[in-house]
Structure formats: C-alpha cells, structure tokens
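What follows is a group of structures, each given as structure tokens.
In the two assemblies presented below, chain A is common to both, partnered first by chain B and then by chain C.
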Partner chain A sequence: MKAFAPDSAAARGLALCHVCYLATPVNAGHCPRCGSRLHLRQRESLQRTWAFTIAAVVLYFPANLLPVLRVESFTGDYQNTILGGVAEFWQHGDYPVALIIFGASVVIPVLKIIAISALCLASRTGRRARTMTRIYRITELIGRWSMVDIFVVAILVGVVQLGSTLSIHPGAGALSFAAVVILTMFAAMSFDPRLIWDAAARAEDPPQL
Partner chain B sequence: MAEEFPSKSQPLKPVVKPGHRLSPIWIIPVIAAFLGLWLAWKYFSERGPQIVVRFETAEGMVANKTPVMCRSVNVGTVARVELTDDLKGVEVTMQMTSEATRLLTKDTQIWVVRARYDAAGISGLSTILSGNYVELEPGLSTQARRRFTGLEQPPVTPKGVPGLHITLFTNEAGSIAAGAPIFYKGLSAGKIESRIFHPESGKIEFGAFVSEQFAPLVRKNTKFWNISGIDVQLGANGMQLHVGSLESLLAGGITFGQLDAAISAPPVSDGASFILYDSLSDTKKFVMRNSLPYLLLFTGSVRGLNQDAPVEFRGVRIGTVNGVSFNYLPDDPDRRVPVLVQIDPTLITNLPTESTEPAEKFVAEAVRNGLRASLKIGNYLTAQMYVDLDFQKDAPAASVTEVAGYQVIPTGGSSLAELTDKASALLDKLQALPLEETVKSASAALASIKATVEDLKKTASGYGENGPLYQKLSETLRQLDETLNSIRSLSDSIERKPNSLIFGKPGRVAPPKGTPRP
Partner chain C sequence: MHPAHFTQQLVCPDCDALLEMPDLREGEKALCPRCISPLLTNPRNSLHRTAALAMAAALLFVVSNCFPFMTLEAGFRHSQMSLWQSASGLEAEGYPYLAGAVSIFILAAPTLLIGGLLYLLLPLLWGRRLPGAVTLCRWVLATRRWNMIEVFLLGALVSLLKLGKLATLTLGISFWAFGGLIICLTAALVSIHPRELWARLEMPES
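Our next item is the complex of A and B:
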C-alpha cells in the first residue's frame, strides 16, 4: 500500500487536477471541471523519471564523443566535439567562453542527471526532504541553460551558409546532446516532488501493514 | 456530486492501482540505447586503421586537422605528430577512414603537399590557403602495410602509369633536376624523376620516365642530350639562335633522338642506361660508359703521344690515353715508357655494362688471341700519335699481366721504334752504294754523247736550203712535175677519144652528122 503524508490532500482522497489544478476527490476519476483524468500523484513518476534519466545517461556518451559542429571551408574540413571546442577556447586564452561552454554543456547536464537520480532515491528513503526539494527547484531552473550549445549550433548552421567558402553543419554529437538535454528536462518534469514528502512521512512513521 | 465531495472528517478511500507495473516509458531508454549503440557502431565502422608515417619534418602538419587526401578525396586525418625516438625525424600517426584500408599497401607512397617552387615548377599553391595536406598515392601491391616512410619530394610520375623507366648518366648535372621535362622533337615525352650523385664515380644518375607513347622511340642507339638554356651558333650561314621552350629554359630539359638513323637498334626495356650529353654536338664526341684502366709499356720513344690521344681498334675509337709518365712504373729496369689508357670494350661488343668483370675477361681473351698495342702516327703533319690495338697473327704468345697494380696489355707490332730502325737501315744501305765512281763514269758517258750529237749536227746541215743536195733535189722534183703534167694531158685525150691511140691526134674538125654523142 502506498502511504501518503498524513497531512496531505492525497491522504484525504483529494487529487489535484493536472490540467486546471482543481482539487477534486480522486474517486471521481475525471476532473469535474475540465474532464481530464485524476491521479493522486503523477502517474508512474519514478519509473518515468528513471527511464528518461537512463536514456539521457546513455546518450550523454555520443553527445560528448561525437563532433557537434562540422565546419567546411575552402581551407579544409574541420570538426569538433564539445570538449575539443572547450580545450581550443582554453588554449586560445578565451577562458570565460571556455568556462561558460564547459559549465553549460558538460557540468550542468552531469549535475542534473546526478540531481535527478538523487531525487529518485530520496523519494524512496525520504531523507533530507527539504534539501531535496531545493535541489528539485534548482534542477528545474537550470535545466534549460544546457540548451545554450544547441542554440549556438542552430544559429551558426542557419546563418553561416556561404556555400563552398564556409558552411557549418551540425554533427551527430549535437543531435545526441539535444536529446540529452530534452530527456533530462522530461525527467525533471515527470518527477513528482510530493513523493519526497510522502517518503519523508513514511520514514517518520512507517506504515503498519 | 456534492455528497461525494470529501471532507476532513470523512476521508474517502483513494483508488490505488496495483503498483510496480512496467511503464511503457521504458521504451525511451531502450531507444536511446539503440541510438547510442548505432552511433558508436557508425563511428567505429568509419574509423579505418591507423598508420604511422615517418618524415624528416612535420612542417605544416597539425594533429586532428591536417587531412590525408588521395586524389583530392579525404581518406584520413593526422592524429598525432611525435618526434621519433632517435630525434632525427617525426612520426606522424594518421587515422584513416575505413575506405582507405585497401589503399594502404606495400608500395603506397605518402608525401606532404605544400607550396613548392623547384625544377618541376610551382606546385601546391592551393595549400597556401588551405594549409598543407598529406597526399597518398596507392600502389599496385595487395600486401597490406601500416608503417610507411614518407617521401620528402612528391613523386614525379605516379606508380602504375605505363611507360619506360630508364637511367641517364652524366658528369655535369647542369640545371637538370627532378621534374625536368624530356622532349622528343619538341613534344613533352617524359620527366626526370630522380637525381642521385655517385661520389665514387663522380657521375650523376638521373632516373627518367618516358611515357608510353614515346617509349618505342627509345632504342639502344638513342642519344640523350641537354637542351636547357640558349644555344647560339656563329657559322658560315650567319648566327643561329636556338631557344628551348620556356619550361626547359627555367627547369632545364632533355631531348633525345636517333642520330644515326640508318641503324635500327632494338628497343630497350625498363632500367636501360644512357649517357646524357651536354649538347647535341657533344653527342658526337667520344664518351666511355664504364672504362677500364690498362698500362701499356713501350720500349721506344713515345714522342707525339699526348694525353687524351685516342686508343683505337681498327680505326674505331675505344679509349683514351690517360697519361704518359714514368711515375706509373718508376722501377722498370728496361726503362720502358708506361702509358696509362682507359678503354671501354663495351663500345665494340655487346657485353653487359653492370659490372666490369665481363669486359676484363674479354680483354684478357683478346690478348691471348694476339691483341697487341702499338703506336701509330695519326697525323703526319704534326706527328701526333695514337695507340692502336689490333690482333697480330705472328705475335708471340702473351697474356694480360699485372705490373705495379696495373693490368698490362702487351705491346708489339709496328711501333715507331721499329719504323725508325727500318728507316736507318735503309739509309745505311744507301750510304754503302759506290756513288762517286758512278758519277765519274756517268760524266764520261755524257762527253761521248756530246761528240755524237756534234756529228749529227754536221750531217743535218748538208740537207739545208743552200746545200747542194737541196738544189739537186728541187731540180729533180721540177722535172718530175713536168713529166707528170704531160702524162695527165695524155690520159685526158685517151679518155675522150680512145682511138687516138691508133689514129693519132685529130685536127680541130666537127664530128660528122649522125654520129652519136657520148
């Protein structure tokens, strides 16, 4: 049996409509106002979060190993991975740019995956519930910034098309990287933070079964 | 609906569906895994083998950037550039694409394309903008190879192009360098591929390539000569200026042709060697390909024999006198004059030219059969001498001996010393003749001849115009003339009237009528 926090709406059988946020007894099955299906918690929240996270982890490798950008110019072909680009900026002395790319494209996705995994684990143990909630908020907030790289690639590919003189094409790495970012965003979205508090309540007062 | 509304006091039983049902969302990581595996497989399948190429310098080669091209198709990238362990070169590791695998065979040639200006002209200008790149020329072999030694100069002729590869030898490289063109009648027929200097012989060896079209024109008697630069000739016809093509002017050029067209020599095969002459006129000069030194020991004087004098066999030049000096053999008790000659027996034979051994054997055999060296006068005006080698039938048996480190061909036959001996013997005989007595008797004979002539003169004067004989003779002749005249008139009248012989001479009367006139 799933146990909810004793002071939660769920414990009283009330569900919040996912669409119009109307609090409704969950027995109704459908929201009386907008007609969407009612659930006490997000459906299969943990499974979905795990699935998205694992998919993101899998795609993280090609995202970093394959080139994100292929520059074709009359001086020859030239392609770079994310880390290669970071190293190049660093070598040229563009430390701020290198740090921004490194932060947005390498650190944030990794941190996000770690954070979501931690949240998923915390929603079982219920420990450090407040910290976890804060982590959840930050995760949601920073997730979109990882798309900086993809935006740069998209803009470059769109703008720099000078035929044989210079043209830029996205590499397979860019696709994988975009998938990683989107998957982590989906993972963060499909995570229901209320599970943390349910778990916290369970930890304090283990259900008698 | 209102009674169903939950209240705090009356909690409703929540609908709890059985948990731990496998959500269809797991298809996402499965897809991601497939995607990742596919990308990884694609990445590794496109990666071909890595090769290591050794170069002298890594000029212009940048790791992960410099491409490897084969006929302008990208077949790889330079992955690493490292110094070799002995610090004498660089080892460039190249990551090839999978398609390039079969290009990497035993005789594949690899070099760096950079902007060059050399004898072959200006090349690689595009690399000024694009940066250097590595060019790979696939070979013909099928044997795989992963370690290569890069060429410092791009090969002039790609492997597998049909044609003829020959070698040219010369003493002076001139402006000929690798890449210089070879012409035939002004048409581009090939290129010089390599230039090697042989310090031991002092000769320069050119590797030359003649394209397939012109290969049959290269025959055994074909001459190659240098046509670089400008040729000015001042002669009876005025001044002649001959300028080769601009290319040959800049890079030097070689041309070839059959100069003695009467002889159709057999065509040559790959690896044949030729002499490269400095000019067309030089082709007529005497050049030895691989000469052998021999010492000749003459007993008589060698006056008139100079350095560079010809050595001939039955009038065909086969060598040159290198020097005349007692230094070659200082301790000879007979004080024979040592003459060092260089001869090339291959000029009159078909011996292989790769080594000198067959030629040495040939000379030794010829000497056993009576080949002897002798001095002969080549020019009677200047008394220039030359060395003549010929077989002498009655020569005493001899063989090539070694004296003071030199091979010695025996001398013999009509040397100048013998000629001088004969001449002095002739003079001696002349001297021994009794000339004085002969002269005396001759003068006596002359005196008697003189007297006889005087008598003759006297006799002849009797027959002169005033002589008595003459008077009598002319009188007789006059009478004879008269007699002859009367005889002529007689014969005339007899002819007209034969009967007058019987009836006598008639008077002046007309002949009777009816008498037929003759």
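Our next item is the complex of A and C:
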C-alpha cells in the first residue's frame, strides 16, 4: 500500500497531468485537456532513474580516459582528454577558461550523479524533503552545461579544415561524454520528487498495524 | 478574467501539495508553500510579448543559418564554418551519432521551439486555434530542455581561446545573430507559463 501525505493531491485521488498541469481525478484515465495518460506518480521512477544513472557512471570512465580531440599540425600530433584540455588551459595561464571547463565537464557531471543517487535514497527515507526538492530543481537546470566540451569539439572540427597544415579530429571520448550528459538528463527526468514527500509523510505518521 | 484561473485547484508538480488557485496580479509569481518550488507566474502582456519575441527569434535564427559563424586564417589558408557545419564536420569524421546530437541541440530543437510558438501564439492573438495545436504544444514544452543554444555559444567562446594560439579566428554575422537569438528565445520561453499556454489553448475565445 502506498501512503500519501494527507494534504497531497494524490490522497484525494487527484493526479496532476504531467504534460498540461491540469488536476484531474486519476480514475478518468486520460487528461481531458491534452489526452495524456494520468498517473499519481511517475511509473517505475526509481528503477528508471537508477538504470540511467548506472549507465552514466559506466560510460563516465571511457569519457574521461579516451581522447576527445586529436590535433594534427606541422609541429606534431597530439591528443587531448577532457582533463588534458583543462590542464592545457591552466598551463597557458587561462585560469578562468580552465575553471569553466573543469566546472562544466568534471564537477557538474560528478555532482549530478551524486545528487541523483542522494535523491533516490531520500525518496526512501523522506529526510530533508525541502532541501532535496531544491537539489532536484538545480540538478535539472545545470546538467545541460556539461555539453560545452562537446560543442567545443564540434566547432573545432568544423572550422579547422586547413588540409596538411592543421587538422582536428574528434575522439571516441567525445561520444562517451555526450552519452553521459544525455543519460544523466534522462535520469533527472525520470525521477519523481513527490516520492520524497510521500516518504516524509510515512516517516512522520507510520501506518498503524 | 485571466485564463490561468480557469481551474480552481493548483497542484505542485514537485511535492504534490493541493492548493487553491491564487489570484495573481500581473508581475507576481506564486511559490509552493511546502517545497518553495515556483508554481505560477503572471507576466505582463504575456501573449503579445511572447509572440513578438518568437518572431524576432525566427528572424535571427534565419540570419544565423545563412551567414558564416566563424572564419579561420592561418598563414595563407582560410576556412569558414557555418552553424550546421559544426554538426556535419562530425558526421564527415565518422561520428554520425555525435553529429545527430549536436544538430538536435542547436538546430532541430530551436526550430521546433520557434516554429511551434509562432504556430500556437499567432492564431491565439486572434482567438483561434489551428489543428494539431495540442500535440504541438506537448512537443514544444518537451523540447525546451534539449535546446542548448546558450551552451553552444559558451563552447564557441572557449574554441576562440583554444585556437587563438594556432590561428586567427574571426566571428561572423551568424555569431552575433546567434547571440541575439539566445536572448530572444530565452525571453520568449520565460514570458509565458506552460499553465497559461494550456489554459489559453483550451478556451481560445477568452
């Protein structure tokens, strides 16, 4: 049996349409305004969130170990991983750029994976529901900025077409990294923050046996 | 009467609190009392403003696709890149999936957003709704998170610095139009709340 907080819409059998935000009795089946299927909570939210998160963690290793960029120039060839690119900016004294790339490509994905795991745990304990809901909203907002490194690769590959003088090629790391970003976005989309509030209500008022 | 008041009950999407629809004045916004998520906004003149911004975004998007985005010079050699070539370059290098992802984030998503907003909002200005509006509205709202034009602009700035040591990069007309596009499209998406859009689509005559 699922217990909902007494002041929640679900406790009255009302479902919020996830597409058009209309509150409708859940036994109507479909939203009368936009026709979407109605559910009190996202289906298999935790299973899907964990699945996407674990896939992202697995791909995080090739994303960081494989090169994202290969540069061929008359002075010689070299490869760059994501961290290598950060180190290069740092050595050239471009500290702000190094920090932006480090933040977007390393800190945000790692924090996002930790945050999503913490949210999944919080949806069982229900502790600190308000803080956790805020973490959920921030997680949804910032994930996209990790894509900046992929766009740098795309732009460099697109603009540098100088034949034998200088050429830039994408590396397999770029593909894995893009997959990590997209998977963590799917993970955040699959998570239903209302589960945290359901758990909080259960913890406050345990069901009588 | 403001169309957002059509339904009497307001449910917080983040914590499922059941609330009464507040009576918002223009410029006010409502937060959920339980989880402090933003619930509802009532921007001034939202329909006209969003339609105007979407039209400006459409023009700027056309401009940014018709002119070179960046030009590179190294010695006597010279190459140009338009917006779509940042995706097609990856495809030519044997990364079709990466090329597909980039073209969704910077070309397909903004096209759907701008086109969709115009298709929905322009008829609403005259109290009409065109066929397929409900399906299109679902697609437009779902596309918002996959539109990454502002992240792409940051990537362009980083690329400038990255290549600055090897060659001379100059920014084209497309780059500046793209910057304007980001401002207009972001402002358009902020100036109408999805709840209001749905309420207006439901009863276009009000």
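Rule of thumb we're sticking to: the second predicted complex is superposed on the first by the 205 of 209 C-alpha atoms of A that agree within 3 Å, B and C clash if a C-alpha of one lies under 4 Å from a C-alpha of the other, contacts with A are read in each partner's own complex, and residues count from 1 in each chain.
The rule is simple: contacts are C-beta pairs under 8 Å (C-beta built on N, C-alpha and C of every residue); 3 or more make two chains touch, one makes a residue touch a chain.
In this text, all values refer to a predicted model and were calculated from it rather than measured experimentally.
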Superposed partners chain B and chain C on chain A - clash or fit: fit
Which of chain B and chain C A:Val19 touches, first, second, both or neither: second
Which of chain B and chain C A:Arg202 touches, first, second, both or neither: neither
Which superposed partner A:Arg194 touches (first chain B, second chain C, both, neither): second
First (chain B), second (chain C), both or neither touched by A:Gln161: second
Chain A: partner with more touched residues, chain B or chain C: C
Touching partner for A:Ala5 - first (chain B), second (chain C), both, neither: second
Superposed model, angle subtended at chain A by chain C and chain B (C-alpha, nearest 10 degrees): 100
Where chain B and chain C come nearest after superposition, their Cα distance in Å: 11
Touching both chain B and chain C, residues of chain A: 10-12, 14
Chain A contact footprint on chain B (complex, rising order): 1, 4-6, 8, 11-16, 19, 21-23, 25-26, 28-29, 31-33, 35-36, 39-40, 42-43, 64-65, 67, 74, 129-131, 133
Sites on chain A touched by chain C in the complex: 4-5, 7-12, 14, 16, 18-23, 33-36, 73, 85, 89, 92, 94, 97, 100-101, 104, 129-130, 133-134, 136-137, 140, 144-145, 147-163, 165-166, 169-170, 174-175, 178, 182, 185, 189, 193-194, 196-198
Complex contacts: residues of chain C adjacent to chain A: 7, 9-11, 13-18, 34-37, 70, 72, 74-75, 77, 79-81, 85-90, 93, 95, 97-99, 101-102, 105-106, 134, 137-138, 141, 145, 148, 151-152, 154-156, 158-159, 161-163, 165-167, 169, 194-195, 198, 202
Residues of chain A defined as touching chain B within the complex: 1-2, 10-14, 25-29, 32, 40, 44, 47-48, 51-52, 54-56, 58-59, 61-62, 65-66, 74-78, 84, 172, 176, 179, 183, 190
